[in-house]
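For clarity, chains are labelled A, B, C and D in written order, and residue numbers in each chain start from 1.
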Amino acid sequence: MKIGLVKANFPGERRVPLLPKDIKDFKNEILVEEGFGKFLDIDDQEYSDKGCHILSRAEVFAESEAIFSLKLIQPTDYYHLREGQMIIGWTHPFGSGQSFMKEQALPKKLIVVDLDSNSPCIYYENEIFESGIPKGLLYKNSFYAGYAGVLDALLQYGLIPTEETKIAILGSGNVAQGAFSSISKYSSNIRMYYRKTMSIFKENYTKYDIIINGIEIGKDDDPILSFSEQKSLKKGTLIIDVAADAGNTIEGSHFTSIDAPIYENAGKYYYVVPNTPSLIYRNVSQELSKILSENIFRKDCSRFIEKVKPLNK
Amino acid sequence: MKIGLVKANFPGERRVPLLPKDIKDFKNEILVEEGFGKFLDIDDQEYSDKGCHILSRAEVFAESEAIFSLKLIQPTDYYHLREGQMIIGWTHPFGSGQSFMKEQALPKKLIVVDLDSNSPCIYYENEIFESGIPKGLLYKNSFYAGYAGVLDALLQYGLIPTEETKIAILGSGNVAQGAFSSISKYSSNIRMYYRKTMSIFKENYTKYDIIINGIEIGKDDDPILSFSEQKSLKKGTLIIDVAADAGNTIEGSHFTSIDAPIYENAGKYYYVVPNTPSLIYRNVSQELSKILSENIFRKDCSRFIEKVKPLNK
Amino acid sequence: MKIGLVKANFPGERRVPLLPKDIKDFKNEILVEEGFGKFLDIDDQEYSDKGCHILSRAEVFAESEAIFSLKLIQPTDYYHLREGQMIIGWTHPFGSGQSFMKEQALPKKLIVVDLDSNSPCIYYENEIFESGIPKGLLYKNSFYAGYAGVLDALLQYGLIPTEETKIAILGSGNVAQGAFSSISKYSSNIRMYYRKTMSIFKENYTKYDIIINGIEIGKDDDPILSFSEQKSLKKGTLIIDVAADAGNTIEGSHFTSIDAPIYENAGKYYYVVPNTPSLIYRNVSQELSKILSENIFRKDCSRFIEKVKPLNK
Amino acid sequence: MKIGLVKANFPGERRVPLLPKDIKDFKNEILVEEGFGKFLDIDDQEYSDKGCHILSRAEVFAESEAIFSLKLIQPTDYYHLREGQMIIGWTHPFGSGQSFMKEQALPKKLIVVDLDSNSPCIYYENEIFESGIPKGLLYKNSFYAGYAGVLDALLQYGLIPTEETKIAILGSGNVAQGAFSSISKYSSNIRMYYRKTMSIFKENYTKYDIIINGIEIGKDDDPILSFSEQKSLKKGTLIIDVAADAGNTIEGSHFTSIDAPIYENAGKYYYVVPNTPSLIYRNVSQELSKILSENIFRKDCSRFIEKVKPLNK
């Protein structure tokens, strides 16, 4: 199958999801946009040495049966998408990708292969199909979200924590584990709270200098840190939301960005930058490329078409 | 109340639970055995400067109404214990302290104030009383068990882990968090598994170079790593049981000691050293002394007698 | 003596050189600009509680006999400076402070007390006087320049180094030591080169993925990494100049800034951000305030006038 | 040439200097003692799969033209050595290997190829020949001496350093750099002193909680820490001599061992364990094997005979 890889144009995105060294025994033809490897100083020649075709962005879209885009396809590329094309990547069909599904996927009968960690499925003509992609394939990406987000937040806040800095981490999933690993380089004065021990956090939350959130709560769940609780935090407390669950777990919080990563409200500081794995894109690209090559690019991607075949006659 | 502090004689125990700098406004008289601070280079004079009485071991036992012993009182001291004396410390009444309870506590009507993290209670004449001591008072000690145990195990095994070393941590409680924090100094190639994700561990456990256990399972629970599963681990895999739950979570494993910390079985290596917080006694003593001074030694300890008063008429 | 402390207006400067908790037994009157502690969430009230006078910027300049300014006084404040006033801080009289000396210090007969690490002297009417300030008083600031600069550079470059990343550090002084300490959190694949071993670096420099410079060479010294040597570095090599010795040690390199910290040239990346200690201002302020309180603010600063008294009749 | 590799019998030595994965295109025949890879769980079969001959210890000595022994050949093996045999390894001809040179090398006309970092030479019949081995080939071993020695010393002393722990490192060579990298995982409150700044150390040495020595001074040099200076150190100060320069740099200090690593003298603690790289033998073996394969085992070792040929007619 012809798979097209285009340069990321998602704001702040610098990860390169396929590296020449991992291109081995691919049962797919790979079309790569000129300068695809630029962020990692990889020349086009290195991709063509591995049998890839180097084309312009438009040509890649035009000649590919499937487009791999790590992040959501941006509106500026909508006009490239052709009827029946396959899209592989994080598409967040029930989240930030809803408008893409409505405006592009449905009308153009796109075959959307979503790499969501918990339910990697195929979305086609309002139906959901099992994809055969292992669950948690890219779990480490969430780990990196916590890992890189904490480091960036600390530097932007201007503090290297020490054993004197009291640190709470909410959640014990991959994002929280990445945050825990990252901040452990500097301090072991950390306590990780999860469902069973959250009551202890509620009794002690005002003691913390840094509170790191790694939890995405459900729409109807109560926030873990309400407005009033935030008010009783110490002056100067730093809240790092590496789950980027803006406004939910930390009531009233809003997104920040890589260029303006921290805002202050009533003497507390909030870091709610999304897409933080891209901060350490040189590490993450290595891992992504290895996993995607083994699980997506190596085997013929027409296998995903067969999954939706009956509808796709 | 007269509280006696004697030098630790529990094998390998070097923590000093009370430091002169924390002795302020104590509503108790403190009797300290000569050389009590020796492990931390604290002279007897520094204790007497703070109003403590420096006595021989026998005199401390003889003149104290309550004996503080961080670890279980050892048989060699049984003969010192007098009728109705109070014992404060970790006494493990349902675990390793059962024989102490049977042979000493009951017959001598001792008032046993147990500092157990989850249920800090008073045991007196076969009855259990609420102690008023906050739960999780010494939670950080479990954290240190994981923290120090992992570091010691790595050095004994001869490996500083890198990003190439695949590491699994079982559990997300304090012991597991200490282990996670400790090994994060060297690698972020870590995944922490807990109840909800243990099935993923079961599918992947053979990939790991190091498996760290931070879980104490119940008597009737299945082991998390059975004999057969251990057989299919990679040659040279290191299993660090910082919960020191010998024979349970890791089927068939047995205790090791600080002097002989690792044994090999079928090409796998096992570290099951108990009491690992004592490895970094210089850090832990600081924390213990502060917490115990605030929560145990400052207020009059006769408060514990009042808790059991009706029976103690 | 009346000492005035005004908010930093040096680009990117966020350190607060005096904290209320360190104000004890000062033989000087302290005048503080409103909002002086803002970066560290310290209210004006906390300074007035310690006997400081809270004034507007203009009033501080107007009423102070000495102005403490950590960084060079900026042109926008020149008009505030009065004849015979004392300036205490880093004034770089032979470096970036030359124009200040010429335009302000000399004509207004300012008494300039320079806190330079190697030669902390007083400059007054073209004469240089010994200050009595201990050498190396603020050596740790250079350490932090290396420490924070490396961390920021890595995040901007998008890489957390591992044991696979080959790292060279040039120099063994305080800046180089800070860089060494910082990057050691992530990798031990480091070699520090100094005068005696620089020849070994010259034989091996093309093997390195990251080259960190902690050396300020003399005006007439050869660069340590010439244009041609830079050309033969690996594609993607990151050069972090935490000595910010732009154009000297690394031939042809130029300053970058906190907002645009890295530039690429022929596939190599250059980070040459000056004033990096300010990146971790929350840590550095604590240390600065303690040292400055003990060595500058506590004793009567008129002692510096006496040093230049004969001329100042 | 036939090269024999025997199991280490140097006290505490666990490094395995050749791993099967590095055996490629060797121009030498390799004879390996049974169980040679045991410490790293490498079976004899893995060596024979790579063309090695698996023999008893005696057979290896009997059939090899050259014996590779990382550490000094022990007296228990002297009787194996045959006239004219080659010995490759660290032989310390002017240090601990003097008796070996006198009792074995000279009388049996052994060709001793010493892997000393600064002067890798061949010693044959009282003559010294250039070996062609690059200088600093195994420099990283000294780095590991500092790295592992510091970690072991801290654990034996019972302290994980924090930012409150004042740490001095003497020297800026490879051993000192390893120590610096190791302790930087836990604290950045470190200052490295070398020739130019040693005077500053002499003015401040009593402030330090931990003093790490990475310097081997010359026989006639004054100690860096004299008896009297040691007396004025703080009670409980830990002195870690990872240069293991017992009795010289730290006046009066004596060797300790892995089993009894620390002694106390007048309230100060001394760690002077030699051969500390072997503590982390699993890391160091990987590095040693790669470097030795490339620089020693790959090319025909008879090249060393040719270096001494005229004498060896």
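Just so we're on the same page, a residue touches a chain if its C-beta (ideal position, glycine included) is under 8 Å from a C-beta of that chain, and two chains touch if they have at least 3 such contacts.
Note that the structure is predicted; figures quoted are calculated from it, not measured.
Engineer: Work out which chains are contact partners of both chain A and chain D.
Structural biologist: Neighbours common to chain A and chain D are B, C.
Engineer: Hey, how far apart are chain A and chain C in touch steps, shortest way?
Structural biologist: The fewest steps needed to get from chain A to chain C is 1.
Engineer: Of the chain pairs B-C and C-D, which one is connected by the greater count of C-beta contacts?
Structural biologist: The comparison resolves to C-D.
Engineer: Name the chain whose C-alpha centroid is most distant from the C-alpha centroid of chain C.
Structural biologist: B
Engineer: Could you grab the centroid distance between chain B and chain D? Build each centroid from C-alpha atoms only and quote it in angstrom.
Structural biologist: A distance of 38 Å separates the two centres.
Engineer: Could you tell me the distance, in whole angstrom, between the mean C-alpha positions of chain B and chain C?
Structural biologist: 46
Engineer: From the mean C-alpha coordinate of chain C to that of chain D, what's the distance rounded to whole Å?
Structural biologist: One centre to the other, that is 41 Å.
Engineer: Where in chain D do residues touch two or more other chains at once?
Structural biologist: If we look for residues of chain D contacting two or more partner chains, we find 147, 160, 162, 185, 188.
Engineer: Can you check the complex and tell me which residues of chain D touch chain C?
Structural biologist: Going by the criterion above, the answer is residues 136, 139, 143, 147, 172, 174, 177-178, 180-182, 184-185, 188, 190-192, 194, 200.
Engineer: Touching residues of chain A toward chain C in the complex: what are they?
Structural biologist: Result: residues 14, 39-41, 147-148, 151-152, 155, 157-160, 162, 185-186, 235-236, 267, 278-283 of chain A touch chain C.
Engineer: If you look only at chain D, which of its residues touch chain A in the complex?
Structural biologist: Checking each residue of chain D against chain A gives 160, 162-164, 185, 188.
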